[in-house]
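All remarks here apply to the structure that follows.
In order of appearance the chains are A, B, C and D, and numbering begins at 1 in each one.
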Amino acid sequence: MLSRLHEEKVFKDPVHHSIYVQDLTVWKLINTPEFQRLRRIRQLGTSYLTFHGAEHSRFSHSLGVYEITRKVISQFERNGYSDWPQEEKLLSLCASLLHDVGHGPFSHSIEQIFGTDHEEWTCEVVLGDTEINRVLREIDDRFPDKVAAVIRKKYEKPIVVSLVSSQLDADRMDYLLRDAYFTGVNYGTFDLDRILRVLRPFQGKIVVKDSGMHAVEDYLMSRYQMYWQVYFHPVTRSSEILLRQIFRRASELLASGYAFSFMLDPIRALLSGSVTLAQYMRLDEAMVQTAFGEWAGERDELLADLCRRFLNRRLYKFAPLTGEDRGWLEDVRGEWRRIGLDPSYHMEVDKPEDSPYDVYKPGVLPDSKEKPPILLLDKREELTEISAASDIIRSIAGLHRGNDYIYYPEERVLPHAHLLSSETRARLSI
Amino acid sequence: MLSRLHEEKVFKDPVHHSIYVQDLTVWKLINTPEFQRLRRIRQLGTSYLTFHGAEHSRFSHSLGVYEITRKVISQFERNGYSDWPQEEKLLSLCASLLHDVGHGPFSHSIEQIFGTDHEEWTCEVVLGDTEINRVLREIDDRFPDKVAAVIRKKYEKPIVVSLVSSQLDADRMDYLLRDAYFTGVNYGTFDLDRILRVLRPFQGKIVVKDSGMHAVEDYLMSRYQMYWQVYFHPVTRSSEILLRQIFRRASELLASGYAFSFMLDPIRALLSGSVTLAQYMRLDEAMVQTAFGEWAGERDELLADLCRRFLNRRLYKFAPLTGEDRGWLEDVRGEWRRIGLDPSYHMEVDKPEDSPYDVYKPGVLPDSKEKPPILLLDKREELTEISAASDIIRSIAGLHRGNDYIYYPEERVLPHAHLLSSETRARLSI
Amino acid sequence: MLSRLHEEKVFKDPVHHSIYVQDLTVWKLINTPEFQRLRRIRQLGTSYLTFHGAEHSRFSHSLGVYEITRKVISQFERNGYSDWPQEEKLLSLCASLLHDVGHGPFSHSIEQIFGTDHEEWTCEVVLGDTEINRVLREIDDRFPDKVAAVIRKKYEKPIVVSLVSSQLDADRMDYLLRDAYFTGVNYGTFDLDRILRVLRPFQGKIVVKDSGMHAVEDYLMSRYQMYWQVYFHPVTRSSEILLRQIFRRASELLASGYAFSFMLDPIRALLSGSVTLAQYMRLDEAMVQTAFGEWAGERDELLADLCRRFLNRRLYKFAPLTGEDRGWLEDVRGEWRRIGLDPSYHMEVDKPEDSPYDVYKPGVLPDSKEKPPILLLDKREELTEISAASDIIRSIAGLHRGNDYIYYPEERVLPHAHLLSSETRARLSI
Amino acid sequence: MLSRLHEEKVFKDPVHHSIYVQDLTVWKLINTPEFQRLRRIRQLGTSYLTFHGAEHSRFSHSLGVYEITRKVISQFERNGYSDWPQEEKLLSLCASLLHDVGHGPFSHSIEQIFGTDHEEWTCEVVLGDTEINRVLREIDDRFPDKVAAVIRKKYEKPIVVSLVSSQLDADRMDYLLRDAYFTGVNYGTFDLDRILRVLRPFQGKIVVKDSGMHAVEDYLMSRYQMYWQVYFHPVTRSSEILLRQIFRRASELLASGYAFSFMLDPIRALLSGSVTLAQYMRLDEAMVQTAFGEWAGERDELLADLCRRFLNRRLYKFAPLTGEDRGWLEDVRGEWRRIGLDPSYHMEVDKPEDSPYDVYKPGVLPDSKEKPPILLLDKREELTEISAASDIIRSIAGLHRGNDYIYYPEERVLPHAHLLSSETRARLSI
């Protein structure tokens, strides 16, 4: 099924040093317009406004996920493990490479506003009228369906799903290392080579040889630190709030018949909730930023202000909230209106604990969308869920952290500080 | 003149670990729209199409240049060198930070096509109706002129110019390290700390303590390798050719009265050679890529094809040329026309030796725009030009390398290979 | 009190890049025979038999501790914190540099066998008839007493003690980074620069600005991993067992009047428990290894075998024990005798949980020798013990891990395996 | 011929991350006393007195050379190159692992004084009455001869010799990277992975695919910098001079019938030029340092002083010499005697240009012991000597650098400075 390239292709990669492409199908997939489009979508959304190095794209992440998968399979093949279905190599590589191809510009924010789902879009790209689909069908007519099944975690051989999507999958391993590298933080580094060496195919799952427990502990502690130091950084949350507000305002305006001085087809479709696959494939962060640049001159002052803020990085200020602040939040809405601010835009409360992220989840309910737990394999071929064996994983598995924060435009509040209640001034440290 | 921030600001940076801002003016400059715009302009232009990690922006490079300058001055101050004019610290920091603020999208390509000059644009940004100008004028009315004088290398104290612009300046030191980090190549690393420790202000120049000669050798060897491994990589040259052809074609179409289905004001101004400062400040790579995305559907098939090629990375193929190929180039133009290709677009010859780059130039003619040579300072306070002291620098100073290449659209030539002369087929290895 | 060197001395260091010596006293101390002797004592004892890179000496570690202390004080001075007693700089630097100067060869093993205490030896070196004492007395006659008081944690200004010896001191920070670097493991890396930036002198203590909590979490997680991956590695424990047995056997032989074919004065004194300072200063790991090399040919076959094992790395095998194995241990002693082995030498049980190590201890009893806890300083100048603020530190503070192990000479047991009980064979996986 | 280990053994290594042992013979060789002895011999001799991190042993280097060879062969096997004789894998691995096993303590100094040759000792270890010989003979009786033939560069298949010993061999690649890592300098890093990828077996030689020329350039520039920054550092030369003088003095004393208060058998044999293999295998740096420690108290004041200097790092001072200083050297001998110094010990002239080191030698005379040049392989299967293709390699191939230096005991000269000629004072900067 695999058709080897005459000469192996090598991508220089800062994280994995080199990325090797040996198969013609993988090479063709990388060169499709749909995959190249990932160059114009940042891996970490607005995080570059917090960590200026975080300008890397989903293109490089996708190559990295592919490379880790390739290395895992290569280890399985070298050792000749009988539990690994060798005929599924190409499927695994393709699913790894393509797993993020349905991401749109600033995906997480857009998904929250418009209810889209990048996993579903990925399947549409794989199954729809695209170059990617055509390349996959060269293998066989059912191949796109198989790739989509892996993406949807429904593929008949669960070991392939486990490889591409688990709590210790190629996706997570690549993004922790890559995001740490590009942001420049120390936290995300763990011993990838060691982990790759202790993965084993076993009875339809990818499990970890028990001697590798410490490397997995290190990986999960990295996750823990990256969540709180990078992914949930309040400055990043602040920029995401602006982004969501821009989309929300633009949708409202479009719905109300407002005449935009600048509009492009795919954006109009996005705002009105009716994007076609072809339109979605034209959407990228360049287009979104260009629209924001033009809207910065719109007559609607709210939209224009939000766009200028986003492009020029004049983010909302934030202050931590505690449980007891909930009552006060109602009061402050009134104060906001009194000083001429719109509480539905100029005051936002963000609760990271609502977030679906967990460093690690030991158990999963049947039929849930949760990813399966990490299992240790001992010499007697018995499996143990890792948090039963590791004190430290048990300790951090359930930890949640993170204050709620209130976000607001500081420079519009400050001039009216004397009109605010003393409680408000205290809570905002004004 | 310096007004210290109440609390030092720290940027996390992958190259320098941390970047420290202690001065209010610097902080304000970073937060201007004109400086934030550098986030939307890549440091290495189209190199990300060769090295996928090279997605870093001029924003992060500019911060890095500022940081190196800050460290150099801090070393001078700690050691109390009398040849360093302490009152010029803020000017040096501002000029370092702002030296690239006049770069436009894909600068080098645009400068070649439209004859613009980013240094002149930098001075316009500093002197014109901008936020940056307003922040600088808070220091004093003549401060913007001083910054512009440093940028133009005309400032009355040459030591400030030497710090910001020489053959061993903060600009070059940052970009070598940064470009190596983000591309993932090994070549650009040298011992920055060691070099920072041996720089000395001396009689109006920045010179190098002679014990640091080896570190400078290492730095110049890094430059040598980076030029030929990264900056002049033929794949990058190929993508720049596409870019220049797109701009050339769009200009031709605009001049001929062609009705574009999509056009934005700043781009129209650029194409017609009449950009205002305000328009230039709106130009960024997001806008250029968005235009290309729309033009990919233009009726003009040549423009549309070039844009699709650029966005989807279907670059021109290349083959090396030797001196004797010059005669053949004329013949191949005829062959190209015979198989329906336009030699003015579908065949480009690129000569890296035309490039102004030198790893190091020992001497400069008076009044030239060349940067002054690197001087070693010995214990008797005598200066020696470094290539007189270092065999290896003398060896590489004059080295030029690099083939000429012919670039062409391979997949449009291949079907007609049988119509080509055997010489052409041999030279292109078809 | 500080007398600056005419020219700063720089040591190249793989961990800190450069180590700067600016003060004449520090420079003289480094050049004493007692300090140079640390080059012949490994930082990690027998760990090089587990991790072959771990051949670094206490010399390089001591320089590293000095350098971190220098950086911390330099940060305090730059920021002009009034809680830092500037006059104590030299004392702090000297105490940091010298804190390990009383270590002997393979210290931990020797301390366990002979009941010596490297801290007391350090004070003897500082106060006794040594070059180090002479250099210190050049400052003033009471200066050696001050240094010894800091080493003993009794100095009148507790902030100096806190700097040199706490749960987040220069010693621990250097050894984690250095041991990780030389062993080649990933686990010991944390963001030293960040921690150095958030340390504050405050009311007689060194505390941590609360914004630095995450960096401290990372540091403590590194400690956790290093303990279990490196410091308590069972192979290292196995080599330490051999070492202790060699010393125990040689002492027994000496006490019994055995005529050694090779003996050196300082070793004889060590074995008989009556070492003078001058003898202790001659002891180093070269001498100990040379003695072992000669003893490898002794007539006493037990001693000879142990020495050959140590030098040729034929270590004892190990098997984990659980609580229920305690009864069995008695039985196995009988079996050992039956097959001709000496249970007091050929069978050793090692219990890491007896070890005094804790990743972090939140509280200390008054008058204990425990190091004080890590305190966070918030904006209102209030202090919080860090485990009260950090879930993850609270989680790992009390964690103990590590099996007990039984160690034994495998190749002497295997030929008699058929004479062992089935329980013993099962427990030893024979 | 290869007998696979039941389970692959992995050594953690700071340079290569992991070192993999898959073959039983290699595993047994590592565990012989002769190979374990390399743990007690430093890779860089006295360089640890210049770069305190350089305490790594020949043990870790030998493992590294083995690992690089293993990777090269693995690449050849993966690609199925027919020019690689697959049956020579084990021989190549054993020769790589063992190539340094004949090194003695402080080898280079001892070889200069006593005319020994570590290559010949290596062959004696391989062929003589040793554990290593016994392990090799388990393969077949002629196997030790084959290993020795490879070491002596006489093996019938030159490609095996080329792999183990050339100007781009596993030995050089490992030591550049390893010495750079442990000294902490920047200079020795090059892209090992890239080089490993472009090596090809071709007509009895290991050659380089021409696309890898730049990586080889980088490697040779690293060599160039390491020679002059690390290997020929004048402080290291100074410590080697002391070492040679100690051995010279001790030999003189032994020859003259002097009664040493401390002597060990292998050292006596070394000093008298009649070491047996068994004695040589007992010699290590621990023993040499122990002897020096004891001799520091000898009655012969010259020997005692030299030993104290070496152990306490009170090295000779040095001053550069130029060609014109040769006449003066005669005069200074007289001055030395006048102030009570012995010019044959207290004044040494060191000429690095006598050294056999070259960064790269393009051509070799037939039958010379020189290593063959590096050859580039192009697509037409033609070979080019690399300096013919690379300007920069041609430039540095012949470069020699390095002053001659005079070394002397400064503190014994200074008190008599007024008795010296003004020329001598000037040349020594006294």
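The criterion applied here is as follows: a residue touches a chain if its C-beta (ideal position, glycine included) is under 8 Å from a C-beta of that chain, and two chains touch if they have at least 3 such contacts.
No experiment lies behind these values; they were computed from the predicted model shown.
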Spell out the chains that contact chain A while also contacting chain B.
C, D
Suppose chain centres are the mean of their C-alpha atoms. Which chain sits farthest from chain C?
B
Using mean CA coordinates as chain centres, what's the chain C-chain D distance in Å?
32
How big is the gap, in whole Å, between where the Cα atoms of chain B centre and where those of chain D centre?
44
Measuring from the mean C-alpha position of chain A to the mean C-alpha position of chain D, what distance in angstrom results?
51
Using the touch rule from the top of the page, what residues of chain D touch 2 or more other chains?
17, 185, 194
Residues of chain B touching chain A in their complex?
11-15, 17, 31-33, 36-37, 39-40, 48, 51-53, 55-57, 59-60, 63, 181-185, 264, 282, 284-287, 289-290, 293-294, 308, 311-314
Which of the residues in chain C end up touching chain A in this complex?
185-187, 189-191, 194, 214, 217-218, 221, 224-225, 228-229, 391-392, 395-396, 399, 401
Chain C residues within the chain B interface of the complex
10, 17-18, 193-194, 197
